[in-house]
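Next come two complexes built around subunit A: one with subunit B, the other with subunit C.
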Partner chain A sequence: MAYPLVESPPQLRRTRNGLRRRTTRSRTTHPLAFLLPAFIILGVFFFLPTVFNFIYAFTNWSSFKDDIQFVGAKNFVSLLSDGSLVAAIRTTLIYAALVGIMQNLFGLGLATLLEADTRVNRFARVIFFIPVLMSALAVGYIFQALLKPTGAVNQILGLFAGHAVTIPWLGSTTWTLVVVAFVNSWKWAGLAMIIYLAGLKTIPEDVLEAARMDGAGPWKTFFRVKFPLLAPAVTFNFATALLGSLNGFDTVQATTAGGPAQTTEVLNIYIFQIFGYGLYAQATTMSLVLFLMVLILAFPIVGYLRKREHVL
Partner chain B sequence: MKFTKTATAVAVLAASAIALSGCSAANPNGGSDSSSVTWNQPTANLKGVTLTYWTATQTATMAKPVIAAFEKSTGAKIDTVVIPDVYETNAPTKLASGAKPDLATWQPTASELALLKPKTGLQNLDSAPWLSKLTPAVQKLGTVDGIHYAAFVNAPSTIGVFYNKAVFKAAGITGIPKGYDELIADAKKIKATGIAPFFGAAGDSWPTQWWPQVLLAEKAKSGLWNRVNANKESFSGSDIQGAINEYKSMLDQGLFNSDNGTSTYNESGPALLKGSAAMVLQITSFTSLLLSTADKKTIDDSIGWFPISQSGNIGTVVPGGDNALVAFKTGDAAKEAAARQFLRFWMTTDYASYIKGAGQVSIEPRIPTPSTVPTVATTATAALADSVGSMQQSAVVNPDFYVYLADMTHGTKSPEEVGKLTQAQFTQLAQALGVSGF
Partner chain C sequence: MWSRYLQPVVAIVLCLAAVGVPLWLALITSAKSQGEANIPNLALPTRWHLLDNYSTAFTQGQVWAGLLGSLLVMVPSVIGVILFGSIASWILARRGSRLAAVLYAAAISGVILPPAVVTLVLLLRQLGLASTPTGMIFVYTGMYMSIVIFFITGFVRTIPIELEEAARLDGAGPMRVFFSVIFPLLRPVIATATILVCLYIWNDVFYSFFVLGGGKTTTLQLNLFQIASSNLYQNNWNLIFAYVVISSLPLLVVFIVAQRRIISGITGGAVK
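Moving on to the complex of A and B:
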């Protein structure tokens, strides 16, 4: 019996390599002009301010003067000679590293714990996701109240300890940065959990079954099988946590406002203060420094994490 | 494809060109000078006129009774806009983006007024009809380069020592200490009785700045801040650094409350009233804190006040954010006149009922202070007569002196670092302001 020969449509035809050939998009159904409104909004509210960031950093814009004049690299020179910028950068990097680690640990822990689709787990996932939806400032203010020397946390600890506990959670010049990073991680751990859950769900069942048959226990299964296969989720979560918290502001501002003694003064808070003095050009210059810092860090970090995915 | 790419590029370039051509902070208005300023009668009809009044959260209700009375007698309408904290940051930001009120509460020191660009942005109030009716000490304040831009409505604060009379008596102190050395000697006597001589409230940071400032009163009288403003004297110089070091030695000698580092301003009032601390160095508005937990009679009986300086009792003036209003140059002559009329109404027609309702000390000698005001407030205000300007009042810009002093109190910065960092910030701000010499 002869089978009818049907030509596959041009869009689905494959080349010799088995890959689909790029076909020209029909101009009548998908004109590029459809993208114009979105590009205009993106341009005006995102690209234009970024361009202006570069421009204003070379001026003497302040609230003390009516006119704006170019002053060349004066802002950068004075910034480099000022030690407080370096201190703020160091604090920001430590804060970002802490958030990156803690947020992912919490997210991964929660995801592994709540992996099975039971009623309790589904309910718990919702509960742990709620902080993500809360306003960062609200979270900051709540924790500031909880962590006061006479706040709820110390009172609960006092109940267990049997005597009054007055640990200054937000008053230590060494450890408050860790506490603030913890608060931020607590807020965003739900998001990391969701991504890790998705990652865990994409691990093929037969791989896990093979591991089980080979006699791997739960820990070995996790570290040797699950975690390497989670590489794409780790890339996303670690990159967003680290690079996102480099831009951190709301939670830190609400809990400590940069204190005590500027030990939690992340770069955005420092910029906010300089802006508050009316020194708009200097603040813009520092924003530029932050922008460059994120850019410089992003490429090697994301590059390394993506490389991890290639072994799959 | 090529066409739309070019089109998008052109669109972006055109937009940037348009935006860049408008690249100025604000449009400076050519305003009227002092000679052509007219002053309406305080109760003249202003039907149909709406004025905008900006104020901070801390001063949100300050003008309410006056506004109500003004609206009733003139038919004008005043919209109060409460700018969220930090007022001194958010208000200039709004101005930079083009918004402009007719009136605003503002700290009437030259350094803070500079943020409002007084020469082009604020109305010249030199010809205010009530100016000559103010106490002479207040008449001198609220100026930038010799021109009045701020209209005082409340008495500026004087920094002084509020002390607990009973604790002083128990320690055997009979007279007011004259100068730093006698003050420390008395403090040691009080410490010997087991009471903390001073309550520092360093947990809130800002109370720390009063100590070095009062110890500089004599130097300020001889022109210290003029020298600092001309870059001929610095915060690391012997005068200011000396005052910082003296404050540090007071901390090291244990003359403050044991929980100084975490104690707050709100705790200082009850602590002084209770007698757990003997003295609190604060500005006059500390009286309101005392009034929140005690009545006038208790305060009059138990709390006294005296100014202190390096070698005597010279007070130091700190005009505060709730002391004065400014009127903006908006370009609308009728509204500018209405704004001036409101200020005139406040300080002439409505002044007596205002200070009665607000419980404030009078700054017009012909109108007596209400009897509900505690004696300490009237004493502090009377000390304005021979007091000297603080850093806030006399320095051309306002560095965060208190932040570094608070760090020093917490032990994270040395006295020398405080001087150095404050000077660096001072220089940076002065350069931005365009002060000659920096």
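Moving on to the complex of A and C:
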């Protein structure tokens, strides 16, 4: 070795493998041990129950038996044959899709309407954030009352129609699911609105001006310029709305409790009910079904939305 | 024409119709007598029963127990999830190895994947934590750890590593580097995460029902759920709405006081 005029820093010191930047620095400066508290809690209270889900769904665990034995796929078979598996999956999927679409429509609509920073708009944004802060349960009870045949909504409609209106909003076996999805979207629209507002603010002014110079009217500007540039916000909002409502419970329970005739029985309501009956193995089976459903849906959906973000 | 006159009018009408009407209904029904409250229309009560309904809600609805319970399960969970989550995020953000990437994917899986409630109850029973606030705190911390790690890891990557190196040159160990350099700079995203986690935990009914059910601890939302579900009160809409108002007030008050901070907190940390 010649004369090292300057001491080379430890990262660049020659080793047997030649020059190597950043030797074992990370081990001392960013110790993996710091990950332990978070991962222990995650592991024990999140991953472990999920693993158990896979196991206990294949047993006869219930509050009526003292021991637990493996019964193979009996739970799945019985739930499939009495139709409850398919019904619950269908209801949950439709509910989640409706919420995903409606919540984002409302949020995006509100954000575009209230985009300018005027006094009125700032006030309106605060007002629409209030439902976000209330519990879904409270919102559900309010709407259960509003949507009664003798409730306020029919009362107002009656004013406009000139005669008594008694639409059973929560009594239709076909449409009540849409109504409940609407209530949930109403509650969360304010949060979607705020995220879209932030997204709108990131659109550079010169892009909008260029569009204006090219003669684009407000609708064209929106669909061709603003909406594509909002792709990250759409990804976040749509993914959380859709995947979050697959896991929904509070709103549905408070408005219809799964009715009428189980047509709004999303998976978590089903789980809640049969858990209450002491049929723990079936509840676990449904919980597993929910988990698999989210897993199967999440990757393609997030993948597709992420791809849209690479529009430019 | 639109922006001057029509738009503000549309905005205000929308506020009144979409938010004003439901809130109005809740408020006035909570002031009606039981009989009147059974027809949930928008008319004002013939006689105001505000004091009766609210004091009944307080006593029979155990408002103080619920409020304390909600705080008891929320505060430690938020502290735990922010503390452990941020320090884990820092390591995951700075370490570029394959292992770190796998760990990160595992850590944020909880943002999308639902917790397994039924087996969670089983686990808690085996650990002796069923129906206890400690169990609830661990469950919430586990549930919301992913969303905290998700937000904070992205944010840490925007902090220049030179700041850490400077502190290290001054002889600071990793703990010191984290708490004196990184943690203070994480304030915006910690604000976002805290607000969201507080919102989710305070308003939760589903998970707290499974975990705390049958125990001595209760939360405001669990009380509301009980009041509205128990057959005795099936038609006591006035009481139910009194409780709806009471249980919504704490977060609303905090929001009105810290409104601008909260909204900028949510957007500031979310826009990466």
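Worth pointing out:
As a convention for this text, the second predicted complex is superposed on the first by the 282 of 312 C-alpha atoms of A that agree within 3 Å, B and C clash if a C-alpha of one lies under 4 Å from a C-alpha of the other, contacts with A are read in each partner's own complex, and residues count from 1 in each chain.
One rule holds in what follows: a residue touches a chain if its C-beta (ideal position, glycine included) is under 8 Å from a C-beta of that chain, and two chains touch if they have at least 3 such contacts.
Everything numeric here is computed off the predicted structure, so don't read it as measured data.
With subunit A as the common reference for superposition, the partners subunit B and subunit C occupy compatible, non-clashing space.
In the superposed model, A:Val126 lies in contact with subunit C only, and not with subunit B. Of the two partner chains, subunit B and subunit C are each touched by A:Phe275.
When the two complexes are superposed, the chain touching more residues of subunit A, out of subunit B and subunit C, is C. Judged by the touch definition given at the top, the superposed model places A:Ala73 against neither subunit B nor subunit C. Legend: residue contacts after superposition of the two complexes on their common chain; A:Gln262 is shown touching subunit B, with no touch to subunit C. Applying the stated contact rule after C-alpha superposition, one finds that A:Leu48 touches each of subunit B and subunit C.
Of the two partner chains placed around the shared chain by superposition, neither subunit B nor subunit C is touched by A:Ala210. Once chain A of one complex is fitted onto chain A of the other, the partner contacts of A:Thr150 are limited to subunit C, with no touch recorded for subunit B.
Judged by the touch definition given at the top, the superposed model places A:Ser63 against subunit B, while subunit C stays out of reach.
Note on the superposed arrangement: subunit B and subunit C approach each other to a least C-alpha distance of 5 Å. Overlap of the subunit B and subunit C interfaces on subunit A comprises residues 32, 39, 44, 47-48, 52, 275, 280.
Looking at the complex, you find that subunit A touches subunit C at residues 26, 28-32, 34-35, 37-39, 41-42, 44-50, 52-53, 56, 113-114, 116, 118, 120-121, 123-139, 141-143, 145-146, 148, 150-152, 155-156, 186, 191, 194-195, 197-199, 202, 236, 239, 243, 246-247, 249-250, 253-254, 268, 271-272, 275, 280, 283-284, 287-288, 290-291, 294-295, 298, 302. Remark: subunit C residues 3, 7-8, 10-12, 14-15, 18-23, 25-26, 29, 39-42, 80, 83-85, 87-88, 90-92, 94-95, 97, 103, 106-107, 110, 112-120, 122-123, 138-139, 141-143, 145-146, 149, 164, 168, 174, 177-178, 199, 202-203, 205-206, 209-210, 221, 224-225, 228, 237, 240-241, 244, 247-248, 251-252, 255, 259, 263, 266-267, 270-271 touch subunit A in the complex. Every residue of subunit A that touches subunit B in the complex is listed here, in rising order: 32-33, 36, 39-40, 43-44, 47-48, 51-52, 55, 60-68, 78, 82, 84, 149, 168, 171, 173, 260-263, 275-282.
Of all residues in subunit B, only 1, 4, 7-8, 11-12, 15-16, 19-20, 23-26, 28, 86, 88-89, 92-93, 95-96, 114-115, 117, 120, 262, 403, 406-407, 410, 412-413, 421, 424, 428-429, 432-434 touch subunit A in the complex they form.
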